[in-house]
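Per-chain numbering from 1; labels A, B, C, D, E and F assigned in written order.
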Amino acid sequence: MLVEFGDTRVLCTASVTEGVPRWRKGSGLGWVTAEYAMLPRATNTRGDRESVKGKVGGRTQEISRLIGRSLRACIDLKALGENSIVLDCDVLQADGGTRTAAITGAYVALHDAVTWLADRKSLAGKPAAVMHRSIQAVSVGLVSGEPRLDLMYAEDVAAEVDMNVVCTGDGDFVEVQGTGEANVFRRDQLDALLDLGVLGCTELAAAQQKALAS
Amino acid sequence: MLVEFGDTRVLCTASVTEGVPRWRKGSGLGWVTAEYAMLPRATNTRGDRESVKGKVGGRTQEISRLIGRSLRACIDLKALGENSIVLDCDVLQADGGTRTAAITGAYVALHDAVTWLADRKSLAGKPAAVMHRSIQAVSVGLVSGEPRLDLMYAEDVAAEVDMNVVCTGDGDFVEVQGTGEANVFRRDQLDALLDLGVLGCTELAAAQQKALAS
Amino acid sequence: MLVEFGDTRVLCTASVTEGVPRWRKGSGLGWVTAEYAMLPRATNTRGDRESVKGKVGGRTQEISRLIGRSLRACIDLKALGENSIVLDCDVLQADGGTRTAAITGAYVALHDAVTWLADRKSLAGKPAAVMHRSIQAVSVGLVSGEPRLDLMYAEDVAAEVDMNVVCTGDGDFVEVQGTGEANVFRRDQLDALLDLGVLGCTELAAAQQKALAS
Amino acid sequence: MLVEFGDTRVLCTASVTEGVPRWRKGSGLGWVTAEYAMLPRATNTRGDRESVKGKVGGRTQEISRLIGRSLRACIDLKALGENSIVLDCDVLQADGGTRTAAITGAYVALHDAVTWLADRKSLAGKPAAVMHRSIQAVSVGLVSGEPRLDLMYAEDVAAEVDMNVVCTGDGDFVEVQGTGEANVFRRDQLDALLDLGVLGCTELAAAQQKALAS
Amino acid sequence: MLVEFGDTRVLCTASVTEGVPRWRKGSGLGWVTAEYAMLPRATNTRGDRESVKGKVGGRTQEISRLIGRSLRACIDLKALGENSIVLDCDVLQADGGTRTAAITGAYVALHDAVTWLADRKSLAGKPAAVMHRSIQAVSVGLVSGEPRLDLMYAEDVAAEVDMNVVCTGDGDFVEVQGTGEANVFRRDQLDALLDLGVLGCTELAAAQQKALAS
Amino acid sequence: MLVEFGDTRVLCTASVTEGVPRWRKGSGLGWVTAEYAMLPRATNTRGDRESVKGKVGGRTQEISRLIGRSLRACIDLKALGENSIVLDCDVLQADGGTRTAAITGAYVALHDAVTWLADRKSLAGKPAAVMHRSIQAVSVGLVSGEPRLDLMYAEDVAAEVDMNVVCTGDGDFVEVQGTGEANVFRRDQLDALLDLGVLGCTELAAAQQKALAS
């Protein structure tokens, strides 16, 4: 599925394989992992391809790990059974918030994959037990001291504080990452950003339900 | 630009940089190169990312070189002046003929880039002198002994002979690559495939003109 | 300097080079970066060397980036002038909290390097202007629902929530990273972890002052 | 065996291993693959070693794939049985046409390997069934508009069109690759090049028979 | 264990794994291998990390191979049984003679590992049969024509001849490597260096016995 | 030049470039380096290509460094002037003693290159001053307790001690490397091997003179 947040466009797909990596065989548990990447011309200035450079950069790995960790929080790996799901999040166009858009979209792709497995009767548990929560993510930040939701690229660069908030549909936290970049931040600012992040995730949860219903 | 041939979808972009690689500096000549890649889920079965494997595969390099070579045939590198253009061809969805779709789409992207350079008065020559030919490419093949144009994936696998034909808008050849795969082929079969390839390219030339006009 | 937190031992050194990377030349700004690594036998079970594997793993890169980002928050790169400082944090023995120990120790190493530069009259600004804040970091977590400071490895594995808090000596935040691992967490739990993290950092600030005084 | 075409010298060897790669096990089919390489001083100007650069270049991979594909066209992989043959083609000295010299020489090396397997009674089929065709290759090109056979390096650089033709001993085509390099080419020129290529291959077929007889 | 020779400090550890590499399975023989590395700031000028460069340098590999070969000379791989031991020698601080310090220290670490295996009754033979010799190493050299033992870094750079001598506790040779660097050397100089090397090794043998006794 | 020792065949070439690597510019000194490699089928069992594996193995690097070091001992880098010479030693067929054959052959290739430079008047010093010594190398070993010169592969594997001796034409030593492999060796055995090595080198010096004269 193609997720669009403003001018940010991320293609999220889920690929299912029967079986799990060797180190997990016989555990009865499934596995979910993610790979994030940007097309070279997703940004305004062309970036070098990581395949050509021969290694995956630190930022790419960090985001891939965040997406995988976030999505594993919404899935019961026992109920999934020994199946593996790879979530590919490829950014076609980037205008800020690509990692949170990827998480939000990957949830829908993962849900579809689990439904497909259920239809094939390949799940160890019931679909509802497998996907026992929904996951959403937003980026929030302080721009000129003001908390802002869903920073676009121009704002992102100007933000004093940049925070990613990953929530469940029930408003609990899965992951919170706040970085002062050029600046540090006070506790009351952190609290305001967290409030705004939870609010943003609630809206996304509704949008996800709509996407899954269609 | 997004090129679509049947279920094949390739995103083609051209990125311009002032200046040329070190080995070409002071020559007065520009440079055009191409990078082809497939998203991991472009095909029905997920392929590993080349960035994760840490090297670009032989097939990918071969196609990137073919696209670059083909597009350099339509551009006067002297008239381009010391500018570099990278053509990125990313396959979002693959159903046969991705390399020829990439060449055909890259021509349009290249044309746009040259026009943009002309608007900025950054060309050494006039736009028409820079792009003195148009370039198109099709894949043709023998299926059950019959010549076929634009093989889809299912046919491609079944084809006894697979041929890529790159032509100019004037019907001349830029590149011809025919492979017997499992089979060999006779001269009369080769001739029939070449005829069909030229015909296919002529149709594409018209489509390109339409795309550029819009 | 060698930092010890319980059984965790990290060797932190700062290496100064005159000049800055090419992309920063002529900016008048300095640069601070960090490299984190673990000796293969730092943990109980030997890990493969990243040099032998031929690539730096995602976790290593993520931590190196965190350390660099955190330490850049305490230094005025303009007052540093066009000097580069590399912070090497090598884990000789690991028992939980290696990344936060590395940040806390790297601050002392960085301070020493800046003093050394000041003695050589190689700073653009005064030492106090260069290092205008102190930086500390702790790991906190929820174990059986209880907030805990400085998790040891056995606890770390059992923790439902794992959080790294990077603070300044004034109690402001530089970076906050909380991960639910197997579990999600409520806002009140997050608040309690943040309180505990700030408290821990305050204690470390005192210890750093003692180390710098000696 | 050492193949010499003018000043081009290529060492071609075939190495047999019992068994096939994992993905082919149990298929009853054999496997033939090729690796092409140039010694650093094969050309007049020393080239960097690909082992030192840490990756195999696009040109090398493209040629290795071409050799493998061409030679698989002359062998019945079922009659070969589950044996693997690697064809190594190492260019000691290069003066144009190295890839076609490699294919022509690799056929003789492959034939020897199959005979050796037959002597050890390790073939699934009879030798004649295994090698049911011979394979030859030549490079042809247009120099000053004239079709030329077996281009030497100086001519190769000057050639407007460069074409490799791989044929069977019966005059059928296995692979045809024509590239306009700086120029495009007309259909009648392509036809003349194909005629010349087939002619050249016929001569080589006779030379191969002599080599195998001795 | 931490070996200190003057200002040279090397951390030597032995890690035991049950089983042996695939190519050795079923042989009844064990395996001992070594990995040497330098922390980036072990020397006065920071060196780049080999993990970041993506490959292990020639000097590092050469020393790792030397350590492994030397230590295999003191162990009966049959009596060890199908166990693998990796010797990690990490140089924390370097002031000449790091490779010989590593060999001398690795012997003690290896001895401890064998004792540990004996305590677990995991050896095929008796401990004394497994470690049937002790191994020591020193570096000797000619400085201003004079033979010198245990060159420190400043001397090492000035040395006309640099030689590493690896001996058994019985005064036999395991390995001898002498290099003229800028100069060549006469037979009588070589003899003097060998005498001095053997003498140095004898002293180290006593020190090792003390370390093992404690 | 092609060196042959028994069934060992090594192709040694010297390639000259004007100028020196960046770190040596302006020093007035030249540079000599070597690269050793084996064709995959040089041995009886095919080895994997290092270019395909993506890294140069430890043994290859060790030998390349030995060859470079040995040949630098016979050349006055000041008299060479700011010229670089790369010595390529490619083993076409291996039957023991490839590294010593490479050194002996590389001397002749280097001599030719220096003469070529002298003819072009590109040397800082006179040819005789540039190449002020000759260099030879042999491998010797103990087989069944007996010292043997120029071990062939079958003997090499059986040798209890394997030693490489690099000498100057005057009988001085440039490099001595003796390895006990499975066994240790006594001082009197070492002395006998050194005597034999010097003797062997003397014979090679005569052969080199003959090759240079022709």
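Heads up, the rule we're going with is that a contact is a pair of C-beta atoms (placed from the backbone, for glycine too) under 8 Å apart; a residue touches a chain by one contact, two chains touch by 3 or more.
Owing to the predicted nature of the structure, the values given are computational and were not obtained by experimental measurement.
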Smallest count of steps, each to a touching chain, taking subunit C to subunit F: 2
Length of the shortest touching-chain route, subunit D through to subunit E: 2
Could you work out which chain's C-alpha centre is the most distant one from the centre of subunit D? C
Based on the averaged CA atom positions, which chain is farthest from subunit A? F
Given a C-alpha superposition of subunit A onto subunit C, how large is the rotation in degrees, taken in steps of 5? 180
Between subunit C and subunit E, the Cα-mean centres are separated in Å by 34
At what distance in angstrom does the C-alpha mean of subunit F lie from that of subunit E? 26
So how far apart, in whole Å, are subunit A and subunit E when each is placed at the average of its C-alpha atoms? 49
Scan subunit E for residues touching two or more other chains and write them down. 54-56
For this assembly, give the contact graph shape among line, ring, star, complete and other. ring
Order in which chains appear around the ring, subunit A first, subunit B after it: A, B, D, F, E, C
Subunit E-facing residues of subunit F, complex: 55-59, 61-62, 64-65, 69, 73, 133, 168, 171-181, 183-187, 190, 194, 198
Residues of subunit B defined as touching subunit A within the complex: 11, 13, 15, 17, 35, 37, 39-41, 46, 49-56, 60, 86, 88, 90, 92
